[in-house]
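Working notes, structure below.
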Amino acid sequence: MIIILKPGIARKEETAVLKEIKALGYKPHVMRGVARTVIGAIGDERTHKTLESLTSFPQVERVMPVQKRYKLVSREAQKDATVIPVRGNLIGGRKFQVMAGPCSVEDEKQLMTTAHAVRKAGATILRGGAFKPRTSPYEFQGLGVKGLKLLAKARRETGLAIITELLSEQQVQLVAEYADIIQIGARNAQNFQLLIAAARTGKPILLKRGLSMRIEEWLLAGEYVLSNNNPNLMFCERGIRTFETYTRNTVDLAAIPIIKTESHCPVIIDPSQGAGRADLVACLCRGAAAMGADGLLIEVHPNPAEAWSDGAQQLTLEGFARLMEDLKPFIAAAGRD
Amino acid sequence: MIIILKPGIARKEETAVLKEIKALGYKPHVMRGVARTVIGAIGDERTHKTLESLTSFPQVERVMPVQKRYKLVSREAQKDATVIPVRGNLIGGRKFQVMAGPCSVEDEKQLMTTAHAVRKAGATILRGGAFKPRTSPYEFQGLGVKGLKLLAKARRETGLAIITELLSEQQVQLVAEYADIIQIGARNAQNFQLLIAAARTGKPILLKRGLSMRIEEWLLAGEYVLSNNNPNLMFCERGIRTFETYTRNTVDLAAIPIIKTESHCPVIIDPSQGAGRADLVACLCRGAAAMGADGLLIEVHPNPAEAWSDGAQQLTLEGFARLMEDLKPFIAAAGRD
Amino acid sequence: MIIILKPGIARKEETAVLKEIKALGYKPHVMRGVARTVIGAIGDERTHKTLESLTSFPQVERVMPVQKRYKLVSREAQKDATVIPVRGNLIGGRKFQVMAGPCSVEDEKQLMTTAHAVRKAGATILRGGAFKPRTSPYEFQGLGVKGLKLLAKARRETGLAIITELLSEQQVQLVAEYADIIQIGARNAQNFQLLIAAARTGKPILLKRGLSMRIEEWLLAGEYVLSNNNPNLMFCERGIRTFETYTRNTVDLAAIPIIKTESHCPVIIDPSQGAGRADLVACLCRGAAAMGADGLLIEVHPNPAEAWSDGAQQLTLEGFARLMEDLKPFIAAAGRD
Amino acid sequence: MIIILKPGIARKEETAVLKEIKALGYKPHVMRGVARTVIGAIGDERTHKTLESLTSFPQVERVMPVQKRYKLVSREAQKDATVIPVRGNLIGGRKFQVMAGPCSVEDEKQLMTTAHAVRKAGATILRGGAFKPRTSPYEFQGLGVKGLKLLAKARRETGLAIITELLSEQQVQLVAEYADIIQIGARNAQNFQLLIAAARTGKPILLKRGLSMRIEEWLLAGEYVLSNNNPNLMFCERGIRTFETYTRNTVDLAAIPIIKTESHCPVIIDPSQGAGRADLVACLCRGAAAMGADGLLIEVHPNPAEAWSDGAQQLTLEGFARLMEDLKPFIAAAGRD
């Protein structure tokens, strides 16, 4: 930790800070600069208490941590990229993976039609919400168990693996029974109890970025998964909340190289939630592929205008097939299959 | 709903939109303007499906809802202000209520010292975290049940009511057994399953605003409480996330008159989480009192420099006593006791 | 400056950094911590080149400045509050000052009616835009010189001082001839050439906060005024841009105590631009007064529905008179007249 | 315009609104819905006054514009893409254009070395700041005229066209004399007087997006250029300000397809300012190329660690050459040369 004192502090007040630094288990090291005295507090910031509380001393101007706060998710902890096996598909390896399907599972026909179509177009994983987090209690909340059963049926029929969202600690066992990948949504990205419960199922976890999550906080939320003995974590950027209103969210594609630098975990991009508009999805997918994402999570619906949730952002079956063709040169340019 | 068509749309394409509007249960009403054709879709937006999915038609430029999406929390539903009784204290009535105490419950001495001090200074409700949501899994996660028991002891000794945070659906019964008010934190503000579970205990709920929650979303999260048969909801503004780094968050004090206009529920301000700096707390409290807040939620600690969490933002016991004196004329100017 | 090296850096690479630090005029001081090596670079950050460019070395993880970057605007440079005389009114002193008037000057009748009304209600300074920065080139751009002349006439008739916005370096002399205070708007808050030109007129300057300006940047923009030999600077918070859409901007009232702590310059609040809604103005004014602002800048119009710009946020003459009455106890509670 | 009345409004109050709508030159059209009465106001929103001021009536809940506010920059006004000739290079055509060079022009050697290197690597336009907008008045403000002369010399020696920033209306003629493209920086993106002055020189204009500019506002700022008879406008996305601190700004790459949809003007991406970190530049360039940008604006310096401004974000000469190689397959995949 670095502690910056205010200018013109008496020696006695400096000593009080040094004493407190020692009391909290660090070894202080004083540097007298031109305009400020700076104290380096030497000690492991991850095993000791933070010194940020020192700003409660009036003589302290600022306290700055030196170490990164995340461990297990970091590249320092693991040089090689994590590759996650999901029913024979490897996420984070050479193959670019596409997860596609409806926002919500609505009925058997809608799901089966979509599953067969996305499989034919090249997707390997089927997405579909059975439990839906909705801004209003009066909106469709998902089919629940019935939705999970339909997903399982689609898996049997198409061979696609299943990704579906977990909303509640009460449903951890239930969802884990059906899902091949458990999705933690943006609104629950810092619901740490849910993260811990999901991690403990041993299933691969896709952790969406919260709407206003800094990358450091996202990595630390991921740390809750790895530190609960589940190494199969992937991060999913789905847009952050900004002042822009043309799109629903602002997709931060720079998150791809940043996560790749800071962490060994795979990165997936969700352009559907990100843009909130179907007409931008294809272009965002091209960018994601070019920038080194490990895969995509795309909403596809046989008839978006009558979708029970988020119709505006879902591709049609034809739109998805066209996108998959269109993406090929970009995936190749990025050195992926 | 209002549907705006793109300019120069053929009559056939317009008809397709009208047909879909009818299929979704609304009665369309066409207005031909100078530059655009606008369709009013008449029907109850809260019982029908949204028409926002119509933007998946290429001929549609924009879809705009007309109605407000919240019902039970709205002033339209209830003209009179909700007043919530908590162990003889009325929140939302004439008396300005102050909830104060440590960020985390650390041990008996810390809690009892603080409880007696804040009571003496005029607080009526004791805050204290027993379960703590922490950005990193390596930070102190709270004392758990032991913390709840200490809170109960402090209540017995001082007569203060207790507010404490609920983090997990698994702990709903446990927390409800000890708490007089259940706090839902900013990170869980759209954890709807937790909101529903908390609402069903029947205990008063304090719902913090999420870091990037629009006021409409906050009101709708509150709607999850009221629509689960719990009328005792209060909203707590604790700062939103912006680009500013001088403070931890940006306290949106305009939320006070907005919530008072849109809703009948009480509004509480948390300046400690909001600013993240103890030196700004007193001034924010003055603003909150002047602007018509129903109360405050303030972090107080006997020795902030050694606090186990968020030391930088906690007031000392003396600082809190001084603040309570300092606030009196502002509370009086706002017409409160 | 503090330079943090990446972990596991070879001594040779560390030496290269130390050499560069010396080349840039600083004296390096090495601290070997548990997880990272940290280098303190001793030297005046305001006279030397920044070391932030050191992050271009692959072995450097982060560079953090230690000093504050602003000088003349800071409390360290001047302990006493700046008090600015404007035609006999003192801004920043004991008296709480209210500047009020229409968004745009539209015609003589509109301006004179408003001027007399705001003066009668207690305002001491008349606001009114003659040159208007408009998002679209097709919107009303202000009356120009004719507007300035009407303002001068209103000053003669009422004795009110005049504040009006400067948009262009070409109009500096012209505006300075008529204005008692030159307003620099939010969109020009980092138009440094305009700031310099305005400063050199010697007139008091009101500097609005840019829509996405951090407080540090705002203070540094103010530094452009003071370092061009104009000590009469006041800061005006008018809301920052956030994700919230209920209000036009989010008024950051915490800016009041922050500016008061960091700087000696007066702080004015503009609730009209801030909220963009007349119905929130009165409540924001109460908060501003309570939190220690030195004054207010309020938009008032005889007939807001027919205003040529920003009608939604302008108070009626009666609304303004009511507000001035309503504010009295809050101004008194804050210890002002 | 669409005007939504509050629920339960008396017929008399509705009539007052209708009367005002007519007074402002629109024809009202009433639709009685289930929960609200909605009034369509028929008339050209771009030639009449806005009705947004109607929210000053207490019976009005909301007013929503129907038309887009921009004209000349819009795709509706011009179906074909604008192609801008700059010394024989076509911007917005089939060829992907790269503009590269130092943040600031520092001296002859620095500039010539860079110019030759970027030309050899494939750039066609040389960037370099002669007038620099700096957050602090104590930072290097650019070489001024001397810098412009060096740029002209570099043009003579290498054949590269020149892009440089204009900061001041006073320097419009001077900068136009040397520049092939006039750059308007992010801080001046809504300095409308500067935009008008720059437009009138007839030189091509590169308009950076302001730090907190919505796309609509950016297009409207561009409208100031086109409506001043200068058709040669290109938009440059350089990152917006968000809460994320890992990067200096958040590059909104979705701006590429949005500008391409809404407008006929070329789009350039500046990844250097956007990320503020050299190590992310290459990856952002890949994304920009894949997503259909017309070109890039990249900062390159022979020795970033000693750069006089923004060293952290400048590529080395080798780094730039590598990037140009690396980009080829992505440019090809996007169907560009």
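So that you can tell them apart, the chains are marked A, B, C and D in the order they are listed, and the count of residues begins at 1 in each.
The rule is short, and it goes like this: a residue touches a chain if its C-beta (ideal position, glycine included) is under 8 Å from a C-beta of that chain, and two chains touch if they have at least 3 such contacts.
These numbers were taken from a predicted model, which means no experiment stands behind them.
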Each chain counted as touching chain A and chain B at once: C, D
Chain whose average C-alpha position is farthest from chain C's own: A
Centre-to-centre distance between chain C and chain A (centres being mean Cα positions), rounded to whole Å: 38
Separation of chain C from chain D, taking each centre as the mean of its C-alpha atoms, in whole Å: 25
Euclidean distance of C-alpha centroids - chain B vs chain C, Å: 30
Multi-chain contact sites of chain B, meaning residues that touch two or more partners: 212, 241-243, 245
Residues of chain A touching chain D in the complex: 212, 214-216, 240, 242-247, 250-254, 256-258, 261, 274-275, 279-280, 283-284, 286-292, 329-330, 332-334
List of chain D residues in touch with chain C within their complex: 20, 23-24, 46-47, 49-50, 52-57, 63, 69-71, 133-139, 167-170, 187-188, 190-194, 211-212, 217, 220-221, 223-224, 227, 241, 277-278, 304-308, 310-312, 314, 316
In the complex with chain C, residue positions of chain A that touch it: 2, 4, 7, 29, 31-36, 38, 40, 42-45, 64, 66-67, 76, 241-243, 245
